[in-house]
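Each of the two complexes below includes chain A, the first together with chain B, the second together with chain C.
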Partner chain A sequence: MSTVRRTPLERQYALIGSLLIAPTVLIFCAVIVYPLVSAVYLSLFQVFTPTLEGSWVGLENYRTLLGKNEFWSSLWTNIVWTVGTLTLQIICGVGMALVLHQNIWFRSIARSLILFPYFVSTVVAVLVWKWVFNDLYGILNHLMIVAGLIDFPVDYLGSMPNAMISVILVGAWKYFPFVVIAVLARLQTIPDALYEAARIDGAGPIASFWDVTLPQLREVLVVIIMLRAIWDFKEFDLIYLLTGGGPVTSTQTLPLLVYKEAFKLNQMGMASAYAVVMMAIMLVFMVIYIRRTRSEDDT
Partner chain B sequence: MIRRIAFNLFAWTIVLAVAFPLFWMVLTSLKPQFELFRRPPTFLPETWTVEHYWTLLSSTKFLTYFKNSVILSTTTTLVVVAIATIGAYSLVRFRYRGRESLAFLVLFTYLLPSVVLIIPLYLMLVQLGLSNSILSLVIAYTTFALPYALWLLRSFMAGIPEDLESAALVDGASRLGAFRDVILPQLLPGIISTALFTFILSWNEYLYALVLVNSDSARPLTTGVMNMLVSSFNIEWSLLMAASVMMSVPLIIVFAFLQSYLTRGFGAGGVKG
Partner chain C sequence: MAEVVFKDIVKSFGSFTAVHGLNLTIAEGEFVSLLGPSGCGKTTTLRMLAGLDFPTSGSISIGNRVVNDVAPGERDIAMVFQSYALYPHMTVYDNIAYPLKKRGVRKADRAPMVQKTADLLQLTELLRRKPRQLSGGQQQRVALGRALVRDPKVFLLDEPLSNLDAKLRGYMRVELVELHRRLGRTMVYVTHDQLEAMTMSDRIAVMEGGKLQQFAPPNEVYREPANRFVAGFIGTPAMNLIDGTLANEAGAWRFASPGITLTCPPLTDDAVSGPACLGVRPEDVLLGEGPIRGQVQVVEQTGHENIVVVKIADGIRLTGRAGADHVWRPGETIQCAVDVSKAHVFAAGPSGQRLNRPLTKDQPRLAKEGA
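And now, the complex of A and B:
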C-alpha cells in the first residue's frame, strides 16, 4: 500500500481513520495485550498471592506442571466436558431447530422459551438446577421415583459419574439455544425448490433431511462447532458454581484449576503457567476458526 | 389433521420441558418456606405468597447489589458501544497500515479465555489501587465486551451499502458529517442490538466480579446473591429463587419488547448463514 502515491485527500482519510481507531487500540493495549504479555512473563516466576512477592524460576513452573497428575486429569476432564456437552448441544440444537422451523402453534412464544436459557445468567441457571437436583426435596428425584425409573433418591452432584453427567446436561441446556438460532436462520434460506426436487425423486422426509438439509447446513455447522468448542472449553462459571470441580476434583477443568491455583492455593506464577498452557491448546482451534473467517471475508 | 395436532403436542411438550426449570423457579419463589420442604413436593403453591420478594427488598442488601449491577452494566455498555462504533467505522471504511492485523486481533481477543487475563488484570488493578470498586469491574468487563461489540458492529457496518456514504461525500459532506448523518441512522438497529448483548453479558458476568470485588458496596448481583444466600451450612432456597426471578427482570423486559434485536445480533455475531 505504501508504494502507491496517495492524494492529500486519501492521506487525510487515513489520518481520520487512525484517529477513530485510536481509543480502541489504546484500550486493547492496556487491558488485553499488556495483561496477556504479563501472563506469559508471570508464568516464569513463583509468586505468592497475598504478598505478591515473586522470584524468578524460569521454565520450572512448566516442568512441574507437565509432571503433575492434576494437570493431565484436568485436561482430560476438560475434553470429556467439551466433547460431551458440545455433542448434545449440536444434536438437540439441530433437532429443535427442525421442529421450530415447522409451522407450530404460537411459534414465536415457543422460540422465546427456547432462547431464554441462553440469555439467563449462569448464576440463575445453576441455582435453579441445583434446586431441581436437590437430593431430598428436588423435583427431579420425585418425578423419577414416580415414573419408576429409580427406587431411591439419587445424588446428582455429589458422586461420580453423576456429577459429570449433570454438568454436561446443564451445559447442553444452557447453550443449545445458540445452535437452534444459528441453524434456524440457515434453514430459512434453503430454497424450497431443493425439497421439491427431492420429493419428485421419491425421497421421504428422512431421506430429504440427509440429502438436502444436512449438506446445506454443513457450512454453518462447522462454524458453530468451532465457536462452541472454544467457548465450552474455557467455561468457568457453570462448572464452578454447579460442582466447584467436585466431588474432590472429578469435574475440575483447566479454568477451574487456574482459579484454584491462583486464588485458593495462592500460587499466581504456577496459575499463569496453567493458563498459558490452556491458551496454547485453545490456540489450535482459534487459529483454525480465524483463518476460516478471514478467507470467507476475502471472497 | 391428526398428524398436525400430534406434531404440535410433541413440539410443545419438548419446549415446555426445556423451559420447565424456569417455571419451577417462579413457582418455588411464590411458595411459603414450609411448603418447599414438603414431600412429595407440591406442584402449584397451595398458598401463594410474595413474602420472599418482600424480605429480599426490605431486609437484605439485594437493592444495593441491584443498583451496583445497573450502574456497572450501563457504564460498561455506554463506554464500550461508543468506542466500538467509531472503531468499527474505522475498521470497515478506512484504509491505513495495520488495519488487517487489528481486525485479526479483535477476533483473537473475542475468543480469548478470561482466566488467562484475570491474574495480570487482578495484579494491575491492585497496583493501581482500584480493586474493590465498580470502576475496576468496568475496566475488566471491557476486556470481553469491547472485542465482542467491535466484532458485532463490524459486520453490521459492512452491511451498509458504501454508495450511501459516497453519495453524501459527493454532495459535499465531510467524512465525519457523512458518518453522523448517513451511517449512524443506518447503523442504529445494529447499535441497539450490540448494546443489548453487551448489557446482558455484563449483567451476567461472574468470574471477574468474584475475583476483583470483595466488598458489599461494589458487589454486583451475581456474586452478591451467591455470597449473601449460599453458605456451606445453609442455602436459603426460597430467597434464592425469588432473587433469581428478580435478577432476570431486565432480561424478561428485553425479551418481551426487543427480541428481534437479539435475533439480529445472532446473525451478525460470526455465525453467518
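And now, the complex of A and C:
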C-alpha cells in the first residue's frame, strides 16, 4: 500500500479530507479522550475533591476497592437493577409494539403518547412517582386501601425489597418506549407476504408470531438489549432522585457509589478508580455489541 | 375434483371497484393464466381465490365446495408469491418442510417428501442454505418447492417469473409447463406478460379494468380476439387497428378509411353501417406489392425479421413484418396489401366487439385486396 505513488490530485483530496474531519477529531479528543485519560490518571492518586490535590498511591485505590464490601454489594445491586429493569422493558416494549402494530383506530395517537415517559425529564418523572409512592399521602396507597388490598400504607421507597422493585418499575416505565419504537420500526419492515405465505402454509396467529415475527425481531432485539444494558448499567439520576441509594445502601448502584466517593466523601481518586472499573465492566458489553454488529455486516 | 368457479365476484376497496362481476370456471387440471395490464385486478382475483382477500359479493368454489368462509390454510391451495416470500431465517429444507409441519406431518414422514420435491426441482445440493445465499432463480424454485411439497389441489402463481432475467424466465417457462404436465394439477397463473400466458396456458383469461374480456385457448385469443381491447393487447408488434367506416354495398360489407378500402370477411348480423375499426396483424400485411401505397417511416431490425412501419395516410400507419434479407429504407415509397381473410372488424369504441363470423375449418382464403 505504501509503495503506491500518490498523484497530486489524490494528495490534495487527502488534505481536504483531513481538514474536514479535524474538528470532529479535536472535539472527540476534548470531550472523550481527555476525561478518559484523566480519570485513569486520577485513579492512581489519593485526591481531595475540593482542591484536586493529592499524592501518588499507584494501584492502592484498586486494591482497597476490590477488598471493599461496599463495592461488591453495589456491583450486585447494579446487576439486579439492570437485569430487572431491562427484562421488564423488553417484555413490555415488545408487547406494546405488537399491539400498536395492529390496525386499531387509536394507533396513531397511541404511538405518540407512548413516547411520553421517554421524553419527560427524569426529575419531573421522579417527582411524580415519589408522590405516587408516598407512604403518607401517596395515591397508590390510597387506592390500594380503598380497594381493600392492604390495611396499612406500604412503604414503597424506604424498605426492601420494595425500594428495589419500585426503582425497577419506574426504570421500566421510563425506558420501555425506546424498545417500543425500535421494535415497531422493525415490525413495519416485515413483508406482509411472509404472513400471507404462513397463513397459506397453515400457520395460525401464534405460529406466525413464533415462525415469522420473532425470528425477524431477533437481530434488532440483540441490539436493543446491548444498548439498553449499557445505558441501564450506568443509570444515575433516576435512582439517585428516587431513593438516593437507600434505604441505607440497598439501591446503591456503582454510579451512585462513584458519586458518593467523589462529592460526599471527597475522595476523587477513589471515585475515579470505581469509574474505571465500571468502564472495564461495560467494555465487555461494548465488545459483544461491536462483535455482534460486525458479524451482521458480514452476512 | 378441483374445479375452480368464480360466480359473480365483485371486489371493492372502499368506493373503488377492482373486480366487476367476474364469472370464470377453471376445469380440473387446467393451466389458466389471468392476463391483463397492471392494475386490472389479476392479483386481487388470485388473492380472493387464496383466501387472503374477501369478495364483496359473489361466491368462489374449489372442487364443488364454496370456500368464501374457509381459511387460506384449509382451502388445499398453494401459492407462489411474486416476491417468493421465503422465510429468511429458515434453511431451504425447513422452508419446504414448513407447510407439512403446520399440517401435522410427522418429522420422519416429512424428510422423504421434502427430498422428493428437492430432487424434482434440483434443490438437493441447496437444502442446508438460507434463502439469502441463493440466486433469484434458486429462490424461485424453493418457493415452488414449498408449494409442491404437500400436493395441493390448486396452485396459485402471482407473476412468479417477473423477477428473473430474460434467459432464466424462458427456461422456467418450460420447466413450469413440464411440471404442470407431470402433476396434472389445476394451476392459476397471474401475469402481465402475454408471451408467458400464450406459451404456457391451456386457456387465457384476459382482464381489463376489473372485467373479464375473453376466456379462451391461446390460439383462439390470438386469432379471434373477442374485442378491440384483446386484439390490441395480444401480439407483438401490436395489431394494426384502423378506424374507418363500414358500409353495406349489395350484400357485401365494405370498410373504408383514408388510404384503405376493402371488402370485409363475412360479418355477423351485429354489423351495422357507420364507424368501425379494422384490425390487421402485422404478419397479415404484405409488403412490396399490392394496391395500398405508402411511405416507409421506421424500420426496426430484430435480427430474424424487420418490422416496417408504413404511413398510408395522415395519422394512419400500418405495421408489417418482413424477412431480414430485404432492408426497407425510411422515406422509401412502398406498395402493400392486407390479407383480408385474416382481417378483423370491430364495432366502434375502445372495447368494440369483434364482428367477424366465427372461423370455420375450411373457410376460403380470399385473395389479396385493397386500395
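Keep in mind that, in the parts below, the second predicted complex is superposed on the first by the 289 of 299 C-alpha atoms of A that agree within 3 Å, B and C clash if a C-alpha of one lies under 4 Å from a C-alpha of the other, contacts with A are read in each partner's own complex, and residues count from 1 in each chain.
As a convention for this text, a contact is a pair of C-beta atoms (placed from the backbone, for glycine too) under 8 Å apart; a residue touches a chain by one contact, two chains touch by 3 or more.
Worth saying up front: this structure is predicted, and the values here are computed from it rather than measured.
Annotation for the three-chain superposition on chain A: chain B and chain C fit side by side.
Touch criterion met: A:D237 reaches chain B, while chain C stays clear of it. Once both structures are fitted onto chain A, a short way to say it is that chain B and chain C open up an angle of 80° at chain A, using Cα centres and rounding to the nearest 10. In the superposition on chain A, A:R294 makes contact with chain B only, while chain C stays out of contact range.
When the shared chain is aligned, chain B comes close enough to touch A:Y13, but chain C does not. Within the superposed three-chain model, A:W56 lies out of touch with both chain B and chain C [touch as defined at top]. Once the two complexes are overlaid on the shared chain, A:V276 sits against chain B while remaining clear of chain C. In the superposed model, A:F152 lies in contact with neither chain B nor chain C.
Once both structures are fitted on chain A, no C-alpha atom of chain B lies closer than 14 Å to one of chain C. Overlap of the chain B and chain C interfaces on chain A: none, as no residue is touched by both.
Only residues 1-2, 10, 13-14, 16-18, 20-21, 23-25, 27-28, 31-32, 34-36, 38-39, 42, 52, 96, 99-100, 102, 104-105, 110, 112-117, 119-125, 127-129, 131-132, 134, 136-137, 139, 142, 146, 173, 178, 181-182, 185-186, 189, 220, 223-224, 227, 230, 233-234, 236-237, 240-241, 254-255, 258-259, 262-263, 268, 271-272, 275-276, 278-279, 282, 286, 289-290, 293-294, 296 of chain A touch chain B when the two sit together in their complex. Partner chain C is touched in their complex by these residues of chain A: 191, 193-194, 196-204, 207, 211-212, 215-216, 218, 299. Taken together, the chain B residues at the contact with chain A in this complex read 7-8, 10-12, 14-16, 18-19, 21-22, 24-25, 28, 36-41, 83-84, 86-87, 89-91, 93-97, 99, 102, 104-105, 107-109, 111-124, 126, 139-140, 142-143, 146-147, 150, 175-176, 200, 203-204, 206-207, 211, 221-222, 225-226, 237, 240-241, 244, 247-248, 251, 254-255, 259, 262-263, 266-267, 270-273. Residues of chain C that touch chain A in their complex: 50-52, 71-74, 77-79, 81, 83, 85, 87-90, 98-99, 102-103, 132, 146.
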